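One structure, as structure tokens, below. Some questions next.
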């Protein structure tokens, strides 16, 4: 097998080199891009119709990090882990930091939770009640303290705030509440820390959501300052939205903060990244590579945010990481000179053929090479590698069912 | 107030009479149409982000019926209650029947649940495992036994069956599993009982749903026999679907079994009926009235199915009932002769003006009259009537928080 | 009839007065709000499947103004007319101005056309070719000269620019072309003139549109200066977009420039305003009235933009104007004090009932009163009034078929 | 180059053979599947905002066939051409047949046009006017006569019938008009001919379309008889529809008649097949291959229907044919045994990995081999082959601009 795949790699490398691709550079970039996985992605989660608990799910934040280390082990590019507060609160952040480091990991973005408590049922920053808004601000400040403790650079904000019925809330008043509260939190960040503001059109609010689209998020960020940026969750758009266009627009405006990767067919389905429309993922990456090439995409946070309901959670995370690397690899081998010339000539077919050709390329041998050099076990197939490791069965025995709570669990 | 509203009623009646409307007939039909409310609509429910439990929520099926009696008391048209098995299982159905009767209620449609148990996580009738399919069939048969015990005429079926990822399931094999299992259940029904089959495009399956649209439901019904009919849930359509057209098509084909009323803006939002697009609700009722006039809509089951997350559940039910009566009333006063003539003449503006005129009419005085004659307290405003009754506060004290489980609770 | 409607009006007035509504103020505002109709709305138009030409359609811009005068005559609130260049180019703008004045009209917004000519097939401001961009800028400057000649205050910009396929265009480069060209045009406006920038998600571009959503429009406006504002076309949103929320957000940001009213069920259907979802129109107006009450909605341009394919064009325009006045009237009688109190108390049902009550009110008697006082013939029913006038038949005879070109005609 | 690609082919073949794929069979099937191109796809077309005429577009049906022969020449699998009546009416069908044969082509499906004439502006089979319905039936019968003359096996029906406004039409009455008229046409077909009935949710009707979804089409087909089948146009669905599921359902019901291939992002965008979501196209083909394997997909008509607005029309057709062959090739190499086992085991990840692996494979070498054996010039890249042939330039000179009319041209 490795003989065969090495042949395939040599063949691919020679074809790409003939096309003018700097394969070494491509491989270097594939090794360098780290994708953050979310602690809650290893926990039980479900839909409003129920959560089906799995055996082996982590019982503590430490066990979540153990699982995250597996995702990193079999891909080589997932060395940081986002935490969710209070779900991941620990007694000693120093201890967690050390534990993470011992697994080759570090703590990434800190995600406050201002939607789960009863007090927030009518909103957090958008609530009519000053005490509720104050409580949410205070929670955010606690999260910044955690950032300082663990050395995290990103405060990643998602708000469930919204309404279900016309008349329920006053759009403009709520907008001003948001501006006020965000300012107070923003002031607490230091110069090396970034506030990421996520948007979402609906759910759990089914009539309006206070930060409903990238435009609202961008307007709030612009008012705050240059360390506030927009977070793009791939599932948080209305049907048909051209996400790669939004990404390019944000890049050009200096407002792209990062991603929550996942995939969707209908609503915020939170499926495995690349599982429904891999071409869209590739087109998004094409914008990111173009941004990197132009030096305007260096600070983008790459994070996964999915809701693994029935698949094994580590396997799904590995699938997502592979899909992201595959999209990145294909975007890196686009013949951009040829594309540029075709665009200048209004040669639509020519331009499209360039984009399609890179996507048609089977980049698995390239990813095998990258993983091999990163020392990943079973570099040809990370999912199979993980399966063969016996980790899932071992943990199912060790941890049992009903371990830890994630969304709705 | 009642003086004023009586004046308004007299004025409206004279205007309508001048237009040729048989107001007595309209009122008689408004009194006659019963709308079923769901037992689970009185229980706690929420979204995948959490359930906010309310004080006063029923702790038993008996208390759910008590609440349903309130919805009926303040509207006069909600005398039956759908039950959900096993949520509403009782020791003695005879006792429940008696209790219901003592409240002026009766047990309506029986709704099996084949989605909540762990065994059903990969499907029920669509499962690859024969034992799971058998278990689901067996549960349905138990539900038919309950129908026989309580005198229910409708077995109301919704299936969560579907998949999240391409490849996960075999569409055609699952279809045949469904046909087989449905046949076995259908054979158990007696001649006076109907099987209602609901469809839904997505959620909780985010890639495919086995019964995804009315066409799939209709195909299954047609294969079963004439006592299998399609159930239309207003929230179970893709964006833009013309529901009134589907309703008319089903009516003409003899396949319309009934409704699950609610409203939506985005997905299956399960909001209060008429809260987002009351004109659409009216246009649906316009088809139903036309069907009644033509004698082909006599067997339609009118049911509400909503997920009351933050509103008081009885109030939301009353709002829905009022919205339905309002839509029905407006549909009943459409000048159908004039509409017909305009259609024949291809007079688009003329036809539309007829439809718009009925909708523009303020029918609240008419509904006041109908409720007055039904002996409803505070017939001018059912929500206010219920609020003034003090029932909610009394029950909050009596029952406390965390009473009973509904969806996700 | 007028006796009856006067009774209805007296009844409604007394009910509203009892509720604390200042009916005189409501009527004054209904008389004051002028809605602009588009010259091209009186011309033939169709779909890509064909244009069905109508008898009596105007053969010149002068005849378009004659038709617009009819829309104004039967509603009393449509005294300005938007023009489209070059469709409406005349030899003497002074003469057109005089003619308009003689009909009780004035020239409103000037709409450049940078999408119809062969040169623009790959874009205008977004084109890769500097000469094409220059030509488009030059056309805009000509339009500003026309604004100066006719005393118009709004340059209303819609761009068809976009691409059909991935790779066809470079998002960021096109964005910068837009910024550059817009700046050049903006510099030409004087202090009393406004640039309105429209957005649209798709069509005629089916992969991306350069100004795809309100956020992109707002970003461009913000970069230009305070006389650049966002134009909201009700048909230019993805399925589910909460337009009233966008309107409120823009109002709060000082970025709402105006509207292109119409209605849609699926895409940019360009149907009669209020014909598909009158409740949404009312909720949009509710935000506008709130903005007026707070003194932040004084400069909003109210314009209709529809594509009348089969209806008589003047009748459809009258229907739209009536729908707008109806929505405005209902929004004006919302009990805002009660709404505010319910919102403060997180009383969702209470707040919603306030909003629903105003919508349920039959405001036709109020509009009759307003039109009566404006001296409109047949104030009870503008469509019937127009029909009875015999204008349509007379013009059909006079003008014949195939008169003038609008979109695609 | 051919050396390199042969190496790639040998490598791919050995990899696939190792996986148990019968490569010879795959190649044989790739050679056997013929895809029909539409005569109107070679003509000018556009959007409602205009048609940009291209140089070299055919001036007659004969020239359309010449262009279709180019699409066939460079792909080897497009030997039949659908015609549209009356656009393609000729004096002698025998002569056209001979001409087609001389180019290696044959006449495929006959497509009546009952939407373009003024008489059809309010509908064809759905019109309230008996004379209009009769005219449409008569036109269809003429089309069947043409089928008999040219030896065509498919009458391919698309109806623009629908309404723009609530009230405009009576859904049920129009449905019955349709049933009646379709029956009359169906009776005219002989035993070897099939009626294909297309559905579409909207456009040009923007409120309702008489045959709005596959369910309505299927219901009409079922009532007609077994030679009436559903035609699936990939662009004719609401956002999110799972087309591969619909295809499987229709296959299982014996109701799948064929396809109109194209692609979409928003509405009926009519873009190049495979240009927006190639994974969806592959998943559709996966169902077709499964159907072929089970012997239930032998009679499916594969046709392209796109609206080439700015690309060179022959190039776009070639792109589409390549995309279809690519999807077919990938679907043919799915490891179905492994997929079946994973499905039985509820191994979601395992099943999905099988489906993803085939899609990740670069099948261009396989298609090169197939085209080589079919004697196609430049088998490695059909678009480049066509470009190098000089055909487009030659025809631009010969035919000039404004040659022939297609949709809206």
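Letters A, B, C and D name the chains as they come in the text, with residue numbers starting at 1 for each one.
One rule holds for everything that comes next: a contact is a pair of C-beta atoms (placed from the backbone, for glycine too) under 8 Å apart; a residue touches a chain by one contact, two chains touch by 3 or more.
As the structure is a prediction and not an experimental result, all values here were calculated from the model.
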Required minimum of steps from chain B to chain D, each step between chains that touch: 1
Between A-B and A-C, the pair joined by more C-beta contacts: A-C
Cα-centroid distance, chain A relative to chain B, in whole angstrom: 39
Of all residues in chain B, the ones touching two or more other chains: 122, 164-166, 201-202, 207, 239-240, 242, 265-266, 272, 275-276, 279, 310-311, 348, 352
Chain A-touching residues of chain D, taken from the complex the two chains share: 4, 7-8, 11, 14-15, 18, 239-240, 242, 265-266, 272, 275-280, 310-312, 315-316, 319, 326, 348-349, 352-353, 359-362, 364, 383
For the chain A and chain C complex, residues of the former touching the latter: 122, 128-129, 163-172, 175-176, 201-202, 207-208, 212-216, 218-219, 237-242, 244-245, 248-249, 251-253, 279, 283, 286-287, 290, 294, 339-340, 342-344, 346, 348, 351-352, 354-356
Residues of chain C that touch chain D when the two form their complex: 45-50, 52, 115-116, 118, 121-122, 160, 164-166, 201-204, 206-207, 239, 264-267, 269-272, 275-276, 307, 309-311, 407-408
